[in-house]
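In this document, chain identifiers A, B, C and D correspond to the written order of the chains, with residue numbering beginning at 1 in each.
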Amino acid sequence: MIQVHYFAHLREVSGLEVENLEAAGKTIAELKEMLSKKYHLAGFDTVMTAVNEEFADEETVLQEGDHVAFIPPVSGG
Amino acid sequence: MIQVHYFAHLREVSGLEVENLEAAGKTIAELKEMLSKKYHLAGFDTVMTAVNEEFADEETVLQEGDHVAFIPPVSGG
Amino acid sequence: MNFQITKDPIDMNEMMDKVTSRNAGAVTLFVGTVRELTKNKKTLYLIYEAYEAMAVKKLAQIGDEIQLKWPETKVAITHRVGKLEITDVAVVIAVSTPHRNDAYEANRYAIERIKEIVPIWKKEHWEDGQEWVGNQLETVAYPSGKPEESDL
Amino acid sequence: MNFQITKDPIDMNEMMDKVTSRNAGAVTLFVGTVRELTKNKKTLYLIYEAYEAMAVKKLAQIGDEIQLKWPETKVAITHRVGKLEITDVAVVIAVSTPHRNDAYEANRYAIERIKEIVPIWKKEHWEDGQEWVGNQLETVAYPSGKPEESDL
């Protein structure tokens, strides 16, 4: 199982803060494709991804127990 | 009468914070010369002068009731 | 606790205390506040949300970057989350350095980096609607799915 | 009372409050503190002295200059006098502006101007002596007896 965190508009569209998914072995790109179909999430191309609280690229392969977070363009400050 | 204010090392050398002098009609330059003799004040060339709380130049003629202050190089901040 | 996400108002004296040092001659505090008008649109209030665990790490990383670029610096950053009204303080960056120019430069570096890499989001509420604001640097496209190497 | 000379410690939250504005998105606070080491000499404490009436006027003048250069700015400056120990706060400059770059620029302008035109003096006390410090910009000669026209 991996844990997926949603923030900002992604949280509103998915209706979820966090969910557990069977996705070990998939790449981030594959996970994104799966989720964008599941929740009709538009604009995933401008969304960064963090794995275990560090930015990760699309080819990163997910491991059992990973925490994945989708990071829309930030607007702190 | 004019009132003369001393600050920083000038206050220590003259031993005065403030004094009243008969100097109406004199220029700042003349007052400086008078005081540098009276108190053996060295370094008057790097000292600015204020008349009534505004910077004034050496040729300014003093009026009865003026407040004169000698302003050594400042070091606030 | 020099790098924090908080729900509570931020105290300026506390921020100052966090970076006070016998070696420092200058401290700069940058305070981001909620402004009423942006491009003639009237904001009613904002909601800030953070991915807290990662945000704290990224704030600390900015502190590390500053210490590499400007030695003998102390840095503290606190960002507030939740509902913020007009004039409320969203973020405070405190930087102390031996000499004052560095305190300004390092502080400015911190706010720019926050806007690049710290997972915090702002939702603007206006009279006629609401929206999650994309990044204020307007570099919203990340073709590789993450910031460029130099941004990490 | 946005421009003050005081014998008391300066409160950062109060300084912040003085410049808070619905129109401001950024506030910078510059805090000058007493540093222990300067050029390898160990300071024990400092005495600050001001020509108070004129100093307040000159601080207000700096505020006016800033408002001309950076419209929609609010400025507050407080300088402390008397005996200050290591890490004590000597001066706080608070500037609020709609956008953050101006807040840094205007603040930096204020500290430079203080060091040019505000009648405040500092006496350093070391283990082996004491001295009134000349101006820190090392432009100590005023051949005309006053600052150049552009400095007024």
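In the analysis below, contacts are C-beta pairs under 8 Å (C-beta built on N, C-alpha and C of every residue); 3 or more make two chains touch, one makes a residue touch a chain.
Worth saying up front: this structure is predicted, and the values here are computed from it rather than measured.
Touch-path distance (fewest steps) from subunit A to subunit D is 2. Listed by label, the chains that touch subunit B and also subunit C are D. Look at the CA centroids: the one farthest from the centroid of subunit D belongs to A.
If each chain is reduced to the centroid of its CA atoms, subunit A and subunit C end up 24 Å from each other.
Centre-to-centre separation between subunit A and subunit B, using Cα means, comes to 73 Å.
Shared interface positions of subunit B, i.e. residues touching 2 or more other chains, are not present. Counting partner chains per residue, subunit D has residues 32, 111 touching two or more of them.
Chains that are in contact with each other form these pairs: A-C, B-D, C-D.
Within the complex, the subunit D residues that touch subunit B are 32, 48-51, 53-55, 57, 79, 90-91, 111, 114-123, 132-136, 140-147, 152. Interface of subunit A with subunit C (complex): residues 5, 7-9, 11, 28-29, 32, 45-50, 53-58, 69, 71-77.
On the side of subunit D, the complex with subunit C involves touching residues 11-13, 15-16, 20-38, 86-87, 89, 96, 98, 100, 103-104, 107-108, 111.
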